[in-house]
Amino acid sequence: MNEIINAFFEAIHLLVTLDPEVMEITLRTLYISITSTVIAALIAVPVGGYIHFRRFRGKRTIINIIQTLYSMPTVLIGLLVFLLISNQGPLGNLHLLFTPGGMIMGQTLLVLPIITGFTILALSGVKDEIRDLSLSLGASEFQSIKTIMHEAKYALLGALILGFGRAISEVGVAMMIGGNIRGYTRVITTTMSLETSKGNVELSIALGIILLIIALLINLGLNYVQEK
Amino acid sequence: MNEIINAFFEAIHLLVTLDPEVMEITLRTLYISITSTVIAALIAVPVGGYIHFRRFRGKRTIINIIQTLYSMPTVLIGLLVFLLISNQGPLGNLHLLFTPGGMIMGQTLLVLPIITGFTILALSGVKDEIRDLSLSLGASEFQSIKTIMHEAKYALLGALILGFGRAISEVGVAMMIGGNIRGYTRVITTTMSLETSKGNVELSIALGIILLIIALLINLGLNYVQEK
Amino acid sequence: MNLLEIQNLSKEYDGKKVLEDINLYLKKGSTLGLIGPTGCGKTTLLRIIDLIETPSSGKIIFNGLEIPKNKKDQMDIRRKMGMVYQKPIVFKGTVYDNICYGLKIRGENKEEYQDKIKDLLESLGLEGYETRDASTLSGGETQRMALARALITAPELLLLDEPTANLDPQSTEKIEKFLEQLRETGKTTVIIATHNLIQGQHLSDEIAILNKKIFQIGEPEEVFRKPKNRFVAEFVGVKNVKKGISSKVEDNLTVINTGNIKVYATSTLEGDVYLSIRPEEITLSRSEVRTSALNEFNGEIKEIRDSGGILDLKIDVGEVFSIYMTQKSFADMELTIGSNVWLQFKASAVNIFEV
Amino acid sequence: MNLLEIQNLSKEYDGKKVLEDINLYLKKGSTLGLIGPTGCGKTTLLRIIDLIETPSSGKIIFNGLEIPKNKKDQMDIRRKMGMVYQKPIVFKGTVYDNICYGLKIRGENKEEYQDKIKDLLESLGLEGYETRDASTLSGGETQRMALARALITAPELLLLDEPTANLDPQSTEKIEKFLEQLRETGKTTVIIATHNLIQGQHLSDEIAILNKKIFQIGEPEEVFRKPKNRFVAEFVGVKNVKKGISSKVEDNLTVINTGNIKVYATSTLEGDVYLSIRPEEITLSRSEVRTSALNEFNGEIKEIRDSGGILDLKIDVGEVFSIYMTQKSFADMELTIGSNVWLQFKASAVNIFEV
Amino acid sequence: GQKQTLKIATTTSLEDTGLLPVLEAAFEKQNPNIDVQFIAAGTGQALEYGKKGDVDLVMVHSKTQEEQFIKDGYGTQRYVFAYNYFYIVGPASDPAQINGTNATEAFSKISAAGAANPDQVKFVSRGDNSGTNTREIQLWNKSGANYNTTVQGQSWYIESGKGMGDTLNIANEKSAYTLSDSGTYLAYKGNITLVPYVTQGKDLLNVYSMIPVNPEKFSNVNYNASMKWVDFVLSTEGQTIVGNYGKEKYGQQLFIPLAGQPEPTK
C-alpha cells in the first residue's frame, strides 16, 4: 500500500509545484466536464420539468427509458457519437472528432438522462399543494415551476453534482471521441488510463486524487452558492 | 449511420440465436452488477439512513465527501482495489485479483457513495412530520425509519436503479480488477472495449444494445415489484 | 353587476360526484358564505373557482367573460383572485418571503409595499414575525400568514377556505373584524367556505348551504328562519325538527300528527311534512296557562346543557323539544332535571317544509 | 392516582420561551382541556407530553415513573399514548393502511381488529372509506381518520390537538359524543388542546388556560365563573370587563369607580381592580324599576348581533355592556337600535379580580 | 502559413513506449505550422480511424493487417521505420523450461506443458487482434499446435482481451508466460517479476511502419503533412532519435532504425 501514500505525496507535489502539464490537463478537464454538465442541465431540467408537470400517455414508459439510460456504457456513447461525427458520419463536416467540442457533445449525452431522471425525481418530491399554492397566488405556469424548483433545490443540486461527477470521471467518451491527444484533448481520466497502461501506477493514483480534490472544491462551491 | 442499423440487427440476431458466448457474458454481467448493487445497497441504505437521522458534527462535511465520491473515476477505484488485492497487497492472500469476486468488490465500492448519497436525499424528501407521526403511533426508531423509507420508496428505487446502472455500465474496474479474461471475468462492457479496439464497431454497438435491453428489463422488474 | 357566475357546474372524482349542478351568482363587492358539513365539496368548489381544478362540466363566468381555455388568460384572471387554503402550506423561507411571493411573481417592487406588509402583519397579530422561518409557525399563525399572503396583492375576489378553523375566539374575532372592514370598502368580493354557521352568517350578504348540491341560497336571515328543506333545517341548527302528517283544519291552519302529539301550524301544506319550532319561540311555565298559543304540552325536563351562559333544556312531551333559557330565569323558576313543566308555542311559530 | 404529572416544565426555541414553568397533575380517567389562544404553546406541550419534543427543563412523570432517557423505554411509554395532530398528515396508502399502522407496528394481528376498525369508522362517519387513498380526503375527513388511527390501539392517554377544528357542528357533535362516551368508560385519560371554549368546557373535568404559562386551572365551572385574572376573564369570554378603583363601602361591599359609572360589588378587594358582569345576570327594562339590585343604569342600545338565535345587545350606559336576550323577548319589548333602556344587576353578580 | 494538424492513429503499445512525443517535438521544431496529434487505440481501431478518413496517417506493427489496409485502397504505402523483437517472458521458475530455446520451440513446450499441467503452466494472450496478438497466433500455428483446437479455449490459455501492460500484469499475477513487445516489457520491468526468456529471432521480429491515408479516397486528409512526417522520421535526424530512444530511461535501445533498408529477416 506504499504506492497509495507515495501517490498522495505525488499528488500534493504536482499541485504545489503547479506542474504545468498537470495544470493544463486539469483546466481542460474542468472546462469540458463543467460545460457538458451545464449544457446537459440546461436541456435536462426543462425536459425533466416538462415530463414531470404534463400528464400524457406513455409518461411512465419515458421515465423507464430515461432510467434505463443510466446504464448507458460510455463506450457505447463513444461509439455512437463517433459514428455521428466521424468524417463519413452525418455530422462529419463539423469536424468534431478528436476535439474538445466532440468530447463535450459525448459527455452531454452521457449525463443528460441522469440529470433528467433526477430532475423528475426531485420535482416529484415537492407536494402538488405547493404548485396549487403558487398558481393561486398568481404565478404563471413557468413561475410555478420555478417555485417548485426552488423548493426542490437540494435534490436538484444533488442531480447536478451527480451529473458533474459522471462527466468528470468518465473515460470512454473522452478516449474514443477525444483521442487523448496531448495538449489538446487529454484530460485527467485519459491521462490516468495512459499512465496506468505505462505502468505508472503512482502517477495515475496521484492524478485520481487531484481529480477528487477538484470535485470536492466544485461541490463545496455549489453548496455555498445554493445556501445563499 | 448504417452501422447502427446493422448493429441493431446484430443485437437481435445474437439474442434470438442465443449465441452461447454472448449469453455467458450477459449472465456474468448481470450476476456481477446485481450482486454489487445489492451488497452496496445493504450497506448504503442503513449508512445513509444513519447519516440522515442522526445529528452530529461534521454531517455536512460527510455529505460533501460522499457527493465528491460521485466523481470517483473507475480507473482510480480499479487501481486502489488492485493494490489492495494484488499478490503483494494487504488482501493478497484472498486471491481476488482477476476474479469475479474482485470485480464485485470494486463495483460495490464504486456504487456505494452514489446509493448512500441518494438515500440521504431520498430520506430528506420526507417531511419530519411523518417521523413524528409514526413515533407518535408507537413506532420504534427502527420502525419509523422503515416507514420513512416506505414514504421515500420512489426516490430510493431511483437510487438503486442509478447504482445498478453505474455498476453494469462501468468498465474501468471490470478491466483492471477482472482482467477481461475470456470465459471467466469477461463482461459486456469489457467485451465492448475489446471489440472496439479490434475495430468491430457493429458488434460492440450490438453488445451495448443488449446491455440496455437488460437494464430496461431490470428497471421494469424493479418498478413492478415496488408498485405492489 | 355580477363578478362571478357559475352555471350547471359539476365535478366528479373517479366517477363519484362531489359537486352537482352548482349555480351561483355573485355581485361585485358582496360576500358569499359557503356553508356545509365536512366533505360536502366546499374546498373543491373554491379550487374550481380559483381555476386550479377543472370542473367535469358547467360554465364559470368571471367579470362577464367565460373562463378561457388558455393557461395564460386563466392566469390573468387568477391574478385577480386570492385564495387562502384550508391546509397550512408554506413556501420554504421566512414569513416575509411567503408574504411577498405574490408581489415577486407579479414583478412588483417589494420596497413599495413595506408599509402595507407591516400593516397587514400588525392587523393579523403577527407583528415582528417577518424573519421567522415560516415552517415553524403554529397552526393559527400559519393561517393568519396565509391570509396576509393572499391579501397583499389586493385581490378582487377573495376565496377563503375555513379561514379561522385553527383560531381561538379572540383571533377569530380579529379576522372577522378585518373581513368586515374589507366588506365595507365594497372593493373586495369574498367567498368564505366554513362549517361555522355563525361565522357564515355574520360575515356574508348571502349564504349557500352546500352538500354536493346547493340546497338553499339566500340572505342569512332567510336561510336561518325559513330553511327550505330538512337538510338545511338540520344543518343550520334548527332544533326541534319532527316528521308528521299534516291535514287541513281551516284556511291556512293545519294540524300535524307526529304519531305522539298533534301540533297546530299556520300552513296550507298537507301530507307528509317536517315541522320545526325555533327553541326561542317556545315558552315554558311550571303550571298550565291559558294563552292564545294553540299548542300547549305537558312534559318533563330530561337534560340540561350549558352552552356558554345560555342553557339548552331538553323537554319530553311525547316528542323531545329543545328550548333555550338564561341561567337566571332557570334559577328563578327553581327548575331541575325531572321537573314537570308546560310548553307553549303559537301555530304561526311552527315552520313547515316538504319531506 | 395521577397518570401524568408535569413539574416546572419549560421550553425554549432559539432562546425564545414558548412554555414557562408548567405544572400539571392529571388523574387517571380524567379529561383535561388545554385552552388558549393561537401560538400559546398547546401543540408544543402536547408534543412534549408525547415525548416527541424534549423540554428545555422540567420533569414529566408518567404512571408514577419519571420519563427515562432511553429511546426504547420512551417508546414503551409512548405506545400507551395516542396523539391526533393538528396538521392533517397521512401516510401513503389507503385509509385502512393508515388506521392499521399502530397495529402493524405493535405486531398485532390486523384480522382480529376488523370489527373494531369497522365500528370506529362508522362511529366517525367514515364507513366505506377503507379503500380510499388517504391523501384525497377532505380536511374534516382527514381529521376523523387521524382520530381513528390514534384510537385503534386503545391508548391510556389520548392527546388531541384541535380535534374538531376542521369539522362542522354536526360532525363535531358526533366526535364530542364519542369522546364523552370514552370519558364515561373512565379507561382513557384525555388531554384535549382547543381554542374552542365551549368544547373544552363540555368535554373536560378540568381546564387549563394556557398562554406560555398556565394562567388558571380548575373545573370548567370555576374557571368560567371565577376567572382569576384578566387574561383568563377575557379569554373565557367574560364580556363586560371594566377597570376601576374599588373602595370599601361597608363590610363585604365595595363601590368601583370606572371613571364613567360607579358599580357596587360584594367584595373586599380595594384599589385597582377589574370587574365583570356576565351578560345573563343583567336585566333590561324600558323604564326605571325599583328592585333590590344595587346597580341600575340608564342608556341606549348601540348594536344588535344575532348569535344563532340568541341576541347580543350592546348598551351604552357610560360604559358599554353586553347583554343576551331571546329573539322573542326582544320582539315583545319592541326594542330597536337607539331605544332608551334601563339595566339592573345585583352587587353579588359583579365579579372582582386583581389587575 | 496557417496552422495545420496532422492526426496520427497509433497503437497503444507504441504510444506507451514514450517515443512518439520525442519525435513530435523535433518534427514540430522543423515544421512550426504543423500540429501533430497522436490518437492511441487498439490496432483494429487505429486502422478503423484510417478507413473512415478520420486520421491522416497510421503507425502500427501488424504486417498482414497493414497489407490488407493498403490493398483495400485506404492507405498509400507502407513506410517501415524501425524494428525490435517481441519477448517471450515467463515466471522465474520457468515451469515449461523454455530458457535457451527459440520462439517456436518455446511455444510448443508451453502448449505441451500447459496441456499436461494446466495448474502450473499458463499462458496469457492479449486476445485483442493487436499486432502482438496476431504474431502470437502465428507462432502457435508455426510451433505445431493448432491454435483453434489445441490452444484457444484450453484451461492453461488465458485471453485477457486487454492492452500489453495489463496483460503483463495478469501474467505476473498468475505466474504465466506471455508474449510482449520489448518496449512495454521494459517499462513494466520494475513492477513485475517476469523474466524474458526468448528475445531474438526472425519469428519475434517486430517491424513498425507508417501508412499515409489515401488522399484519393478521402479528400480531407492532410497527405502533404503525412509525407512530411514520413520524410522526417526516415531522415537521419528522425532515425537517430529512434535509435537512441530508451537508452537513457531503460539503459538499452528500444528500437533499431530501419530507414532505407530492406525489412530484416532475422
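Letters A, B, C, D and E name the chains as they come in the text, with residue numbers starting at 1 for each one.
Operating definition for what follows: a contact is a pair of C-beta atoms (placed from the backbone, for glycine too) under 8 Å apart; a residue touches a chain by one contact, two chains touch by 3 or more.
Just so it is clear, the structure is predicted and the values come from calculations on it, not from any experiment.
The set of chains in contact with chain A as well as chain D comprises B, C. Contacts with chain C and chain D are shared by no chain at all. Averaging C-alpha coordinates per chain and comparing to chain D, the farthest chain turns out to be E. In terms of their C-alpha centroids, the spacing between chain A and chain C amounts to 57 Å. Centres computed as Cα averages put chain B at a distance of 36 Å from chain E. Centre-to-centre spacing of chain B and chain C amounts to 59 Å, using the average Cα coordinate of each chain.
Residue positions 87 of chain C are each in touch with at least two other chains.
In chain B, the residues that reach two or more other chains under the touch definition are 176, 193, 196, 201.
For chain E, the set of residues that touch two or more other chains comprises 41, 166. Contact between chains, using the touch rule, shows up for A-B, A-C, A-E, B-D, B-E, C-D.
On the chain D side of its complex with chain C, the touching residues are 13, 36-39, 43, 86-88, 136, 138-141, 143-144, 162, 165-171, 195-198, 201-202, 234-235, 237, 278-281, 283, 305-310, 324, 326-328. Across the complex, chain B meets chain D through its residues 127, 129-130, 132-141, 143, 147, 150-151. For chain B in complex with chain A, the touching residues are 1, 3-4, 60, 64-65, 67-76, 78-80, 82-84, 89-90, 114, 117-118, 121, 124-125, 154-155, 158, 161-162, 164-166, 168-172, 176, 188-189, 192-193, 196, 201, 204-205, 208-209, 211-212, 215-216, 219-220, 223.
For chain E in complex with chain A, the touching residues are 7, 12, 15-16, 18, 21, 35, 37-41, 52-54, 163-166, 187-188, 190-191, 218, 220. Within the complex formed with chain B, the residues of chain D that make contact are 47, 50, 52, 71-72, 75, 78-79, 81-83, 85, 87, 89, 91-92, 101-102, 105-106, 149-150, 153.
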